[in-house]
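Only one structure is covered here, and it is reproduced in the block below.
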């Protein structure tokens, strides 16, 4: 079930010249939301831009009693709509439609290989960090052992590593220029860790640029890990109405297009026909 | 507030109110059933259906443009048989007034799809999509030719007793002549407009932004042209007209109705606000209140052109 | 930054750069001369001119619509003789490349206006307005008929040796056939699009918002349709194309040029930003720089449609 | 000469639920402006609304040294564009094109009737007050005797009477509901004053709803006063480019349409074909 709320902007925190976090008062949405779901944001009250923009629910905000009171989004400025979110004014209201989409799969223990407890590894590239706070919280609540592999171009692109640390997540950072963490791509330490893990069953979750997710999917397949990816297709409606957001999947029989706003954004990576993905 | 009568009749088709979800913009309706009571809509028009399932075009399938959007979905769909088996029973159970958007690559296919739907239970009317600009083999060759339009309509007329509503393309010089051809072919109503054939180019890659090259323009951008076309058709034929093109507020609904529409469809605006339906019908009621109109049908064609 | 060549040739007409002020959107040019150097524009197209002065329609003459506007000015103008006497000398003195938008209610009038302008000093080319949707007697009856288009163009061809540029209406099923009729008639180039016939209604008074009832839609709203039409014409004819319809940024200029335009016109956007010209030419230069193009003409028709 | 400046919003003062005053930093515009001229305001940086909106220059702001530093506009909320101006945020910038239009005629003494010094009477209805502050300042600087007849529906519609008083203007107020000043229309005290003025030469200046301006024009004609009106036509460009803003004038020969952005907004009232005016 989706609802549409005209949510007050509580805070707008710039992280850099193109990243920011906006907090909204939206208790009902926050109560309904499951990890990995998204909202469609009307970035302007007028007609420019016309369509809503999809954003992962970044954090669930809670009041003093721990009850869900709102949510935040982690925004990267890329065009007209994200520019308006970047410049959002606290006190103003924006319309949020959600929660939408299929959440991350529940933190099931997974088929244990041997006796070692199952682990959950998240792999984020850039703004692909957005859907992982809610997942990490759920995994932490279920007392799962979790790791975040998190890569960016340079130190300035890596945010909120501490937030994950506080949730008990092991955080492994990489930057392409080596300014923080390991130098290179996030898939390098992931590959090594998968090779080293011994008999531990690992579930992989990835979100970020398509080439990164594709590489993670390949590593997951090679190492026999269930792998989930959260895809970011252009979306017209977010509710299954327009068939704009399709992703090509292959479930053994004819490959076909499915709507990523309904069946996704989270997909079992093994279903995806990667060559047909645009981004 | 006294009760205002929002019901309209389009030929033998009765609608609770004149606000309909446009084809291709509301899935098969059921996608929305968890979030709202879709039986409250005047009707739901299904995504366009051929005999067989269709893949559609590869993404990118949409791109936003000023006050509008281009789409080239390519009529992805489950085909008429799966629709009858998988969607229609639930739509019927929910009490939805269901209009099916009928596609075909040949006149025979239009007739065959129409026959399958006539034999099924729960279809209120057929909208003949002879106007999709996004696939080469589908309809637009009929919709851009007067004899093609007449031929499809009169052939389907013989194949079904359901109300038939050809959907006209705006990509023509004289839309009113297509309204007349539809009337002569035996249509019960016409709907217009489908999208305008259009194009957007990524100037960095110098490629079209849509995988299909071209797409159909919808949304508020086209509204003033669509209103003009509804007005022209209303002058030309006696058939009820279902108007659409960029409607997003009760003022927009009224504009189309005053120009001559008996009912309206909402496409693109339902992407932005999937809960728009009750807002529009409430707005109609309060307009009728304010203007002291008992029946919503009193609005249709009420444009004053005297000085 | 090395020098980039922004000049274009349209038949025998040379332009400093491809950015032109559209007819009816920049007065006679001189209105702007106090605020900017209008000789820096690729060209200025005058407001449409008949033989005689014309009153135009009563106000309201414009109304804003989503990302666009309707106008029904009704071709208010001073007539060709006063233009030649009162405006042309100053335009010449300022060094403006002046294109005159020629109107007529008969083929003879097009020819006569063209002759007067050919005899005058300082007219660079004639744009034949066979596409104004706002007055009954003016042009559109020619622009919506293939023989009408051919007849006007071929008649004016005999009356003048100035470059002639028929301006096409988008209110037709197949704009490319009108491009071909223009080519066969002896045109030197074509320009498109003029405005889309459209309508807006005040729902409280139930009257049209424009005194004239209908008007022409311009502005960003129509851009994707106009780009498609330029592309279709570019596929159909060898004539240079002057593209327009909702251009407001250098990306928009590039979109039209990549689709096939040799030059572009700016109408509505110049209302919003009368100083837009240097911004667009600077943007073109930096795009050429970035894409390593020496001549702006390299952009024309460079759309990549291969996979 | 017109210029286009991206002017910072300095303050936005709400006067009521639909009136406000916005101050802009715009020294160059302020230097160029003459009394009664207007600016075309781009009410939003995006494309909605598309066209600019015309606004009278309300006040010329000055720095500590008395040098022009900016201008203000008096805005009444009527639709999308004025709503954005009503909600304008200090610190943001809006584009102002101007100064435009023909100003109020210079404060010439006017043909004196007999010996009494000439007087200048302004007549404002509602937001029609906007072009009068600059005129009053000019008249005050030229030491003219000036009066403002200012009418509104009720007391809440009358603003800035004190500002005119400070400039030495005699202020005569009317409200339709009698809540402030004389009850009734502003033309009633004007009519009486014209009848009572004796041999004084009076120039009338009017701005407000069309019926009011028309009534003032009629009074002016009846009492042989030169009368100027500032008209508010819908404008597309403000620079003479579009021919949207026309007003029908009759200069003795054929009545014809002239562009009110160039020949106006201030017109000699005797030229106007009132029956052809829309508002």
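Read from first to last, the chains carry the letters A, B, C and D; within each, the first residue is number 1.
Just so we're on the same page, a contact is a pair of C-beta atoms (placed from the backbone, for glycine too) under 8 Å apart; a residue touches a chain by one contact, two chains touch by 3 or more.
Owing to the predicted nature of the structure, the values given are computational and were not obtained by experimental measurement.
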Find out how few touching-chain steps suffice to connect subunit A with subunit D. 1
Using CA atom averages as chain centres, what separation in Å is found between subunit B and subunit C? 34
Using mean CA coordinates as chain centres, what's the subunit B-subunit D distance in Å? 49
Going by residue number, subunit C touches two or more other chains at 66-68, 219-220
Numbers and ranges of subunit D residues touching at least 2 other chains: 47-48
Please categorise the chain-chain contact pattern as a line, ring, star, complete graph or other. complete
Of subunit B, residues touching subunit A in the complex: 24-27, 31-32, 34-35, 47, 55-56, 58-64, 66-69, 71, 73, 76, 219-220, 268, 270-275
Contact footprint of subunit C on subunit A as seen in their complex: 47-48
Spell out the part of subunit D that touches subunit C in their complex, as residue ranges. 1-4, 42, 47-52, 97, 233-234, 236-237, 239-248, 256-257, 262, 276, 278
Subunit B residues touching subunit C in their complex are 65-68, 70, 144, 171-173, 196-201, 203, 205-208, 213-214, 217, 219-225, 227-228, 231, 246, 251, 254-255, 258-259, 287, 302-305
Which positions of subunit B touch subunit D when the two form their complex? 66-67
